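The structure is given below, and queries will be raised subsequently.
Letters are used for the chains, namely A, B, C and D, taken in the order the chains are written, and counting of residues starts over at 1 for each.
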C-alpha cells in the first residue's frame, strides 16, 4: 500500500538570503519599529494588524497574565534554574509546563463554554436562556471562569478588563453572557462566584473571535515573560536553594535519624 | 549542626483580597490599559517603566525574535501538540527547550563577550584595542553574533535594529564595539562575517544595561509568542503527522521488510 | 485570617552524612547490586520489593514502552538536541511533553475505564454485563486501548503481554474484562478493533493494582530511556537538520520568491 | 543553488503491520519476557545485549540515580503536577529540565575529564602522570565528580559502586585514574574531596565504553523513574500547595499590606 503524500505548508513566515517576511510583511522594513510586541503577537496569530481598539483589548488580555507573584509555576522555574543555570530556556519551559487545567489553562474552559453556548456567527440568541442552559449543562460541576480563592467578592482585574473592552467597543454578547452565567451561578449556589480574571479574559477572547483551543496559549506566552523576570530575580536574590533545604529537612524528619 | 534559615523574598509582585500590584504599581489601575506588552516586559524585568526611547528599542529586540519560520523549535512544538493537544502549554515548553547554544541562545554569548570586554560603567575604553583583544581571546573559535548560514552578505535585521537604536539614542559604545569586532573578524579570517540578528540584539541589550545572563530570556519570551502561532496553524492546517510519516518511512526503509 | 500550616512530608527517601535510604532500604547496601532497574522502579512506586512474578510482569510493561521507532516524540527530542546539545535533559523533556492523550497517555484512559467499571476490591462482578455497560457508557466514542492504525488485525505486543501475565499468575479479571470489551466493540462496530499495546498494558497495570492516575507515568519513564537512545544516535548520525531543511523548504515554497 | 538532500536513517527500531523490531530483535518474541528494564536500556543505547557483568554494572549505575529524596527536581515536578494534573508527562518533563550542570549533569563533566585524559584505546598511559596533568588542566577550578556538601568524608554510594565494578571485572584504568585524581586533589587543596556518586558513575561509564556526551542521559532516564514516584506520592499526600502558600506568604510579606 503506497501512502499518498500530503502537502506540508505554512503561511506564517519565510526568509531568503536578503529578506524575511512575517505574515506578508517585511520584518525589517514593515514590522520592526512600527508595532509593539502585543500587536505583533496579534499579527502572528491572526495574520492581521490589529486596529487600535483590538490592540488595546489584546494587550490588556496578555498583560493581565504576565505576572501573579510567587506561583507554583514560578517556583518550578526557579527550582529548574538552580540545577541548570546554563539552560535558562529549560527553566522557562519547566515553569510553563504547569499552566494546565488548574491555573491559567482554565481560560480555555471558559472560552469553550462561551463559544459552545453561542457559536461565532449565531444570530438572535436569548442570552438569559443560554445562561440557564449552561447551568443545566454543567449540572453542579465547577463553572470555569467563576470564583477565586483569594479575590473576593470581586476579582479586581475583572471590572477593569470589562471597562477596557467597553471603551474599545468590544463589550458585546460574550461579555454579557459571562455576566449572566455569573448571576445564575450565584443565585443557584447561594455563594459568591465572581467572574475571575480567566473568565473575563475568556469573554474578551471570544469578543475578538479567537478559537477557544488557542486561548490557553495567551496565558502561556504572557507567563513566559513573567517567568524570565523570576529567573532574573533568582539569579540576583535566590530563594530556590533555601526552599529546597527547608522542604527536604521537614519532609523527611519523621524517618531520618538524628545527625550526630 | 543547625542550619541558619535564610530569608525568602521577592520584590516582583503581591496580591491581597482586593489588590494586585506588580513592581509597585496596581495591575488593574496603573498597568492595564496604560502600557503595551513589551513595556510590561521591561517593567517586569527592571522594575521601571521604559522611557519612549527604551520602549522603542526593547520592543524591537523582542519583535525580532518572535518568528523565523519553520525552525527546529517550531517543529518540536508541532510534534508535541500532535500527541498532547490537551496540553498546549507543554507543546510551547517543548519548542522552547531547544533555544540553547546553537539557536537564539547565541545572543547570550555575544552579550557576554561585549560586557566582559567593556564592563558596565567602565571609562575611557579604546574600542579598537578592545576589538583586537576580543579577537585574541577567541583565538580562532567562533565569535558569537557574527556570520549567518543564509543571510549574506548582510543580515537584513541588523541595519534596521542599529537604525532604531540610533534614532532612539541607544547607539553607543556597545554597538560600536560590535561593529569593530565584525571588521576585525572579517579582516583576520578573510570571510564574510556580518553581524547577525543575535549579535545586533546583544549589542542593544548591552546599551540598555541588561546583564548578559538574562539576554537569552528575551529570545525565550518572544519565541513563546511565535510558537503559539505555529500551534494555532498546526491545529487548522496540520503538518506534523505528515512529517512524521515521511521521516519514519524513509528512516527505516533500509532495515524494514517490504509490506506484503 | 491566619492560615494553618499543614505538614510537609515524604516517605520515599532520606539521606544523612553517611546514609542514603530509599523506601526503608539502604541504597548502597540493600539495593545496589541486589535488584534490576525495573524492580527498583516498582520499589520506588509501591514501597515494596516485587515478587518474581510481579517483577516479570512489571518489567514487561515498561520494556514494551521504551521504543517504537521514529515517533513524533523522538523527532521533537532530536529537534531540541540540535539547538541545545549542551542540555540533553531538555531534549528528553521536550520528547516527553507529547506523551499525552493521543500517544502513550492513552493507557491512562484504558486503565481508568477498567477500574471505574470494576473497582479494586469489588466482588462478584458479571464481566459480560460490565463489558456491555462500558459500551453503553462510551456511547460511540472511541474506546481507549482498542484499535491501531498499523498493527492489524492483531497488535503483536498484546498476545505476548497477556501470555507473560498468564505465566506469572496475573491474568485475572481485568484481562478478561478487556478482552470482553474488545469483543463487544468489534461486534457492535463491525470493525477490527484489536486490543492494542496500551490496552493490554492498562489491563496488566490494573492486575498489579496500580491507580489509573499513575499508569501514564510508566510510559513516560520507559520512553525517557528510548529518547536517550535517539539522542545518542542523533549525535552520531544526525537527521534533525535534514528534516528541518526539507520541511522549511517545502512549507514556504508557495509564498517564497525564487532565490536568484 | 539546489540543496543536496541527505539521507534520513535510523537503526534503532522499525515496525510493520505484524512485526516490531528493536535493535534487530523481535520486541514481542525476543525481548519481552527475556530481559529486565536495565538490560533493555543497554540494548537501546548500544545495540547489544549486555553480558551478565555489564548488566550488573549498568543496572547499578542507573539505580543509583533513580532517587535522592526531595530535590529541586522533585519539587519542580510536584509544582507542575498541581497545575496540570491531566498532563503527568509535563510534570516529569519539568522535573528533568533542571538536571543540568549543577545536579546529575555533573557526571558528564567527570566522564569528559576521564576520556579526554585517557581516550578509549590509548595504550601504556602513566596514570599518576595523567592525574597530575588533569590537576594542571583544571588549574584550581572545581574538579567534576569530587566533593559533596553532605556526604563526607565518604559518599556511601562510591565504595559500593566500585565494589560492584570490581566484582564484575569492570574496575580498570578509569576507576584507578579517578581515584588518583581524588588523591591529587585532596593533597593539593588540603580538603576532603571524596569521589562522589557522579564521579564514581562517570568512571564506570568509561569502563563500559560510553561516550561522555551521553552519560548525563543515564541520570535523566533514571530520574524520570524517580519523578513518577514523587508524582504518585504528591497525588496521594500532597505537599506542593503547602510549599507554595508558605513561600508566597513569606516572600511578599515585606511589601504586602496587612490583610484586614
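Quick note on the criterion: a contact is a pair of C-beta atoms (placed from the backbone, for glycine too) under 8 Å apart; a residue touches a chain by one contact, two chains touch by 3 or more.
It should be emphasised that the depicted structure is a prediction, and the values quoted were computed from it without experimental measurement.
Undergrad: Using the touch definition from the top, list the chains contacting both chain C and chain D.
TA: Chains that touch both chain C and chain D, as defined above, are A, B.
Undergrad: Using the stated contact rule, I'd like to know whether A-C or A-B comes out ahead in C-beta pair count.
TA: A-B
Undergrad: Measure off the straight-line distance from the CA centroid of chain B to the CA centroid of chain C, and report it in whole Å.
TA: One centre to the other, that is 35 Å.
Undergrad: Roughly how far is chain A from chain C, going centre to centre by Cα mean, in whole Å?
TA: 29
Undergrad: Calculate how many whole Å lie between the centre of chain A and the centre of chain B, each centre taken as the average of the chain's C-alpha atoms.
TA: 22
Undergrad: Residue numbers in chain D touching 2 or more other chains?
TA: 8-11, 13-17, 19, 69-70, 84-87, 89-90, 93-94, 97-100, 104-105, 239, 243, 247, 251-252, 259
Undergrad: In the complex of these two chains, what residues of chain C are touching chain B?
TA: 69-73, 75-77, 79-87, 90-91, 93-95, 97-105, 239-241, 243-244, 247-248, 251-252
Undergrad: Under the touch definition given earlier, write down the residues of chain A that touch chain B in their complex.
TA: Interface residues on chain A, with respect to chain B: 1, 3, 5-20, 22, 27-29, 31-33, 35-41, 44-45, 55-56, 59-60, 62-64, 66-70, 85, 87-90, 92-94, 96-100, 104-105, 108, 150-152, 154, 156-157, 159-161, 163-164, 167, 211, 213-214, 216-222, 224-226, 228-233, 235, 237, 239, 242-243, 245-246, 249, 259.
Undergrad: Could you list, by residue number, the parts of chain A that touch chain C in their complex?
TA: 8-11, 13-17, 19, 21, 24, 84, 86-87, 89-90, 93-94, 97, 247, 250-252, 254-257, 259
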